[in-house]
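You will see chain A twice below: alongside chain B first, and alongside chain C after that.
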Partner chain A sequence: MKLEHKNISENNFEQCTKCTICTLYCPMVEVNPLYPGPKQSGPDGERYRLKEPMYYDEGLNYCLNCKRCEISCPSGVRIGDIIALAKVRNRKGLPTVRDMLLSSTVSVGSVATRMSGLVNRSLESERFRRGLESMVGIDHRHTLPRYAEESFEEWFRREAAEKQSCYSRRVSYFHGCYANYNDPALGRELVEVLNAVGYGVRLLEGERCCGMVKIANGRKERAMRDAKRNLVAIRRAVAEGDKVVATSSSCTFALRDEYQYLLGLDNEDVKDSITLITRFLFRQWERGNIKFAFREDFRMRVAYHSACHIERLGWAIYSTSLLRLVPGLELEMLPSRCCGMAGTYGFKRENYDYSQAIGRPLFDLIEASGAEVVATDCESCKWNIERSTSKRVMHPLSILAAALDMERTRELNGVMDK
Partner chain B sequence: MRYDTLIVGGGLGGLVSGIALARNGQRVAIISAGRSALHFLSGSLELYADGYEAIVKLAESHSDHPYNSVGSEHLERYLGATKEIFERAGVALVGDHRRNHLRLSPTGALRPAWLTMSEYVTFASRGEIEGRRVLVVALEGYLDFYPEFVAAGLERCGAACRVVSVGLDELARLRESATEMRAANISRVLVGPVLERLAHKVRGLIEDEELVLLPAVFGLESSEPFERFRELLGSDVRVVATASASVPGVRMQRLLVEEFTRLGGDYILGDRVTDYRAEEGRIVALRTVKHRDEEFTADNFVLSTGSFFSHGLDSTPEGIFEPLFGLDISAAASREEWTARHILDTQPFQRFGVKVDGHLRPTIDGGEVHNLHVVGAVLAGADPVKEGCGAGVVVATALRAAEEILGHRVTRE
Partner chain C sequence: MVVVGGGVTGAGVARDCALRGLRVLLVERHDLATGASGRNHGLLHSGARYAVTDPESAAECVGENHILRRIARHCVEPTDGLFITLPEDDLDYQRLFVESCHRVGIEAERLDPAEALAMEPAVNPSIVGAVRVPDASIDPFRLVASNVLDARLHGAEVLTYHEVVELLREGDRIVGVRVRNAATGEQREVYCRIVVNAAGIWGHLIARRAGVEIAMFPAKGSLLVFGHRVNHMVINRCRKPADADILVPGDTISLIGTTSKRISFDEIDLNEVTAEEVDVLLREGTKLCPSLATTRILRAYAGVRPLVADDNDPLGRSISRGIVCLDHAERDGLEGLVTITGGKLMTYRLMAERATDLVCRKLGITSLCTTATTPLPGSKEELKGASRRGRKEFLSLRAGEKGARGRHGDMAENIRFERSKDRALVCECEQVSVAEIRYAIESLNADHLVDLRRRTRLGMGTCQGHLCAMRAAGVMAEMRGDAEGALADVAGFIDERWRGVRPVAWGASLVEAQFTQWFYDGVCGLGDRNNDSDKKEE
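And then the complex of A and B:
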């Protein structure tokens, strides 16, 4: 037995039996014959790369990092991690201006929210986007997400921070760049729901970008710096007894798994304390620690889209279980498949057509469904599905916030006043 | 997370049990460590190579055979209901458990089968093949289909076969990827106008043949592309199994998962059960790699983890074991007795597996486990290769387990 364990490599590529099942579930193989596919890019290629890094193939850049190969593998080979790690280790040259721009979510976000009127008007203008395409290579056909006038953090400090100490229980919130700069309403809903069930919310001290987009854009050093700072902030919160909840499935996945596997950071001590808000709420509800009172007039037909990284986390069941608690909500499960966006991937000129081709079958299924609203835990899926279909896309937490009778929920949880 | 029943293993057995339980109002989750053996499906489910009547005699010759654990009083009812269970999920099957038919293997061998997906070529008997004029159509550049073997197999039974090959530009484009000209990728191209062009080309090649055979490369998500192709061709066209992965097998898996999900079941893919908690002869909870700090609890549990290939059984030089619960197994103690010398001989290890009672309940160190039911290839007593009974054992035990859990029947009389 001992010898056997010593024979297992990092990311266990030698467990591959060459069954090719992973290639059946690769969204990129489906649309792009130039991509060598997960089997060849992952375990097959790794064998060569271990001998000699010159075998690294630029074709690996087509990989979306969706990890759908990995969850499909009957032999438990970490195919997605093998490919992502090969990219992190072997990618040569500096990132382009475009890739810097797309992955600098904090710097860009903090400037853009300050001048959101101008930025949003510019992004809406096709002429501006054409300029952006010719200058840096962000595809003009892609509408970029709007920026909020005020960041979530600014709102929180002004409106909410002070009241949080009057709750007996507390969690820390990793809002991520999206809730902070593009969708502060989601952060506000999180505070409202958690307060209603008796939890005070606080921010992490010095939260940085989770690093997912930086890893994807070849900026490992920057990602590493942000990751280390985030871990310091998370450790401090956990040491003070907090769980750290996030609304973004990709941020959660990065903090828990990509830090460990791709950046080689040891986060084992805090891993179980980092969780998705839907998982946190459902587990608390199931244990009877919190209660929900729902509005009697709430009606909604919802189709749930399982984003790639929540699929990889294995945690979609918490979001759907939470949605199933809502009376008047009809839930339909969309077949689990990639929407093609993959964070910043779909914005890039060279990827746009592949990205849209990958998403097409999902968009058709969504249009054909009887649902009014698509629910998903991923912000990047949300942009993409909203701009590619006629349906509204909401985070499960936003649906919960809309369905809750907040006043009665506060009463049920013994929360006095506001 | 709390469920009524938790199923470990997301292949045929887990899905058939899960669908039966969810249809009867249970809250069920299936935990699956990756995709299942359905991806290698021949297109057919096998019951018993020597026919249904021979199963009855197993009680004397192999008393620990899973068919005996199911019980003859239930078996006939399950086998009769199977077609309808698949049909409701959108999988059309032909066949009858009282009479095996013949399926055609990728190398042209004829094998007895119980139920076959309706697009595949089947024969009632060898005699039916004699004198048939058959056109075998290969696709240029596609290497996982062996038309000469198929033709030779049919000619041995007196058919007259002609092999032709067709090419399409759209298929040639697939070859830009050196490794990915596979059935699944071809099936994605064969829709709409491309499907029409293929039908047009094949129609032009038919002379006096009454049966046209192509590799099973149609419809990864639904059977609609094949039905359309048959309509366009206007003659009797059927498919033959390819080397894996199997396009119709992927479709069957997908449709069964969709049916299970539609019934409210949770299908958790890509997670692995690491340990369990038991109290007083009952399993109480499972833990998995990805849920770590969260236990999965349930009243009942089903183990449908498959045989050695799926890691439902494992071995070290010292012994064979069931890795998840450490269930008591039936296996030869000495390593020399595990295998026979020649690969095509009857291999003893094929019958190794978990020992169960008449309710499909296992034991751990001799102690009974009251709320765990074991189904499918992880069970001891069957030799799916030599007996041709793989899927029959899986489906029958899966339905038996569902009824044991529910305490009432799940099939119509």
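And then the complex of A and C:
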């Protein structure tokens, strides 16, 4: 046995020295006295749950899974994972209709894009949303994301797939459900930017939902099924020499960390090959492998919001460094705070008020900032900030795409115009 | 009558006597359960451990095992136990073991290794055999407190922190005791018809003060406390009893023990655990359950077995754990004194019954013992409630209420969670709320922070007092209006916690202890306080 494995328990829960710094950094603790806080819910509560599962505290259901407790922990305790696993273990019976709806991103998305006109009109109607609230418990005050008329995958197959073989280098793209069904423009921008710097893009074979929302909604078995399929696809791509890039920070975090720690899947062989698009681009640029040419007339004042899961990955620096490359872009860092949305969490009636209370200080900072645009790598932060402030929210990649002089960039990278 | 000793035996005697209508005063020089009663495995033996070597004790154990499961439900966790045979052990012993168990009426079911592993995944996977027996874990602190509480509910008086300094004698008769208040030094005399010496190993000294000799045999046993539940069943080695061969899941933690070392009477108050003992406990413990090697150890502690030396066994292993009840009138010609000793934690009720029977006989009282059927306060209902509704109700409670219900059983109804502050946790590791601390101070004879630990588990968890000591002192100071006293208590409490951590101070436990020191010394200024008083003394 290696020395470093001595006295290390699962999720490091015994390494907790009860310093309580996690509780200080927990956004839920600030607004909700019914939440016991990460220390009590995590390592403290785990001892009692090990003694007798009935000691499970229902207050744990308030946890956002933001993992800010883990970031703050000086002892490396995976507090959020301990809580998430306790929630999964305690879950009995079938999930509610609401939780099924919110977490069935692929099934709902594929139907909704086909009838996007009707779906979007309905979702815009307050009466419809009130009905949804009374029927399933999705808070009517929350606007739900719009669905696209055509999914990203459909567009890609029709418009882009064929051309990708002309590029000498290649990556695989894990688009996630959001880019696929709600914001295909983000996917299109990714293809455009990667093509411009000389990379061909291909999709993973049979990509499934990353599983993040399924785990959060107590559907671990389904998450596991999807995760295993995704890993098969990712392994195939990696074996063929691809890096797998994603635009969503939460999908990236799920593929890399939640698979390993919450689902117990061994992804060590491909973990390092799964990365966020901003990190991929910045590192390639840094090594001189790719070059950017920017539009001279581009001007934008941007405030960057670091989403919880990118914060946990420690990768916000790549997104901001990439943005800082853009001349004419003024970047302001917002203090790192959770926006309260946490994926599907903020949609739920019982969470709505807490979710908004958590986000309020951030929204105020955003309003007070001089920025025109808020940049963030997380789709759920985007929905929440857009509906809660007057600002537009963009993915850093979208900003990059808007700032690049594509023609000159292609030239610089030796890409022939077709 | 006066009962000397606030351990489990004394508490049991006080309760039995009070239930039979006697006027009882219980005197204890420290707090309840500070001796061997609070320094053991907390194991509700099935009796199997003694089946081969000491069938008399085994039979006592199995009988009491069934009784305590009924009358002390809030103290007992019916975990069952395994007696495992490792490759290095003699599998033939298992046959003898099972036969001996059956002979004294202990259920013993042979399992194949795979079954045993499925039942208890923490057990050493290389076992070659296992026997399942009805072992259980029992919380000794709660057991003592419940007995004392019931004695008081039946009219008994209790004086903790009062030492018996003299047995008052008139001719050939003990007529009372002189007690000294440990806090004030004040002495007073208490007259009575009978004194029951239930002082454990210190009973030797009490007897001597009465001018009689009981040859007692102090044998120190050390144990280690692991940070959380590693095992869910008691795990024993299926061989002749030896060092460190029992792993007990006790409340939130697991306990490995014990060693056995003969010590002199000068050492019975020291309870030091040596590095060698820690080594033995860890080495042997990992044979029962390999994951102990990688589990955080919270502390080490030791207790002294009050064995009555009736042979010259140097290790005290084959000595009988049987009950010794002495009528000193018969034995030594000294009236008014009864000694009850020997036995075990879990045969305390039977010991109390025998002593009380003797007392009643001497006083000409005919009432019969009812302790085998009368539940202790708190034992009325099961923790979870067998019903779905009971489960649901328990699940919906907040941490502090759950903790209180788990510890005090139905007596938790007397813990008042009225304001939100009452629900606030004082001890986060062990889910002890402000309300529970108040209840312990008001109703369970808790005078000091260390007493609160024994009533509630305050400071027994992972942080060993780091977060809770100051908060509990705050509650205590508020209730008593004595901040200085509470502050002095904090220092004592933290020092006592450190004593237990020191023998196992490495890894996370050392980090924790260091952090605790910074906190109390640096932030709270407790170190300066001690230094100031040192200077004054100089």
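Quick notes
Criterion: the second predicted complex is superposed on the first by the 411 of 418 C-alpha atoms of A that agree within 3 Å, B and C clash if a C-alpha of one lies under 4 Å from a C-alpha of the other, contacts with A are read in each partner's own complex, and residues count from 1 in each chain.
Just so we're on the same page, contacts are C-beta pairs under 8 Å (C-beta built on N, C-alpha and C of every residue); 3 or more make two chains touch, one makes a residue touch a chain.
It should be emphasised that the depicted structure is a prediction, and the values quoted were computed from it without experimental measurement.
By the touch criterion defined above, A:S75 lies against chain B and chain C together after alignment on the C-alpha atoms of chain A. When the two complexes are overlaid on their common chain A, residue A:Y56 makes contact with chain C while staying clear of chain B. In the superposition on chain A, contact of A:V136 is made with neither chain B nor chain C.
With both structures placed on the common chain, the touch criterion links A:L325 to neither chain B nor chain C.
When the shared chain is aligned, chain C comes close enough to touch A:K18, but chain B does not. Contacts of A:A185 after superposition: neither chain B nor chain C is touched.
Of the two partner chains, neither chain B nor chain C is touched by A:L123.
When the shared chain is aligned, chain B and chain C each come close enough to touch A:K39.
Shared interface residues of chain A (contacting chain B in one complex, chain C in the other): 1, 19-20, 33, 36, 39-40, 75.
Per the touch definition, chain A reaches chain C in the complex via residues 1, 5-9, 13-20, 33, 36, 39-40, 43-48, 50-52, 54-59, 75. Those residues of chain B that touch chain A in the shared complex are 1-2, 29, 33-36, 39-40, 173-180, 182, 184-185, 188, 220, 244-245, 250, 254, 258, 261-262, 266, 268-272, 288, 290-294, 310, 316. Contact residues on chain A toward chain B in their complex (touch as defined above): 1, 4, 19-21, 23-25, 29-30, 33-37, 39-40, 70-76, 271-272, 279, 283, 286, 311-315, 317-318, 320-321, 333, 335-336. Chain C contributes residues 227-229, 249, 251-253, 293-296, 383-384, 391, 394-396, 398-399, 402-403, 406, 420, 425, 428-429, 431, 461-463, 466-467, 507-508, 511-512, 515 to its touches with chain A in the complex.
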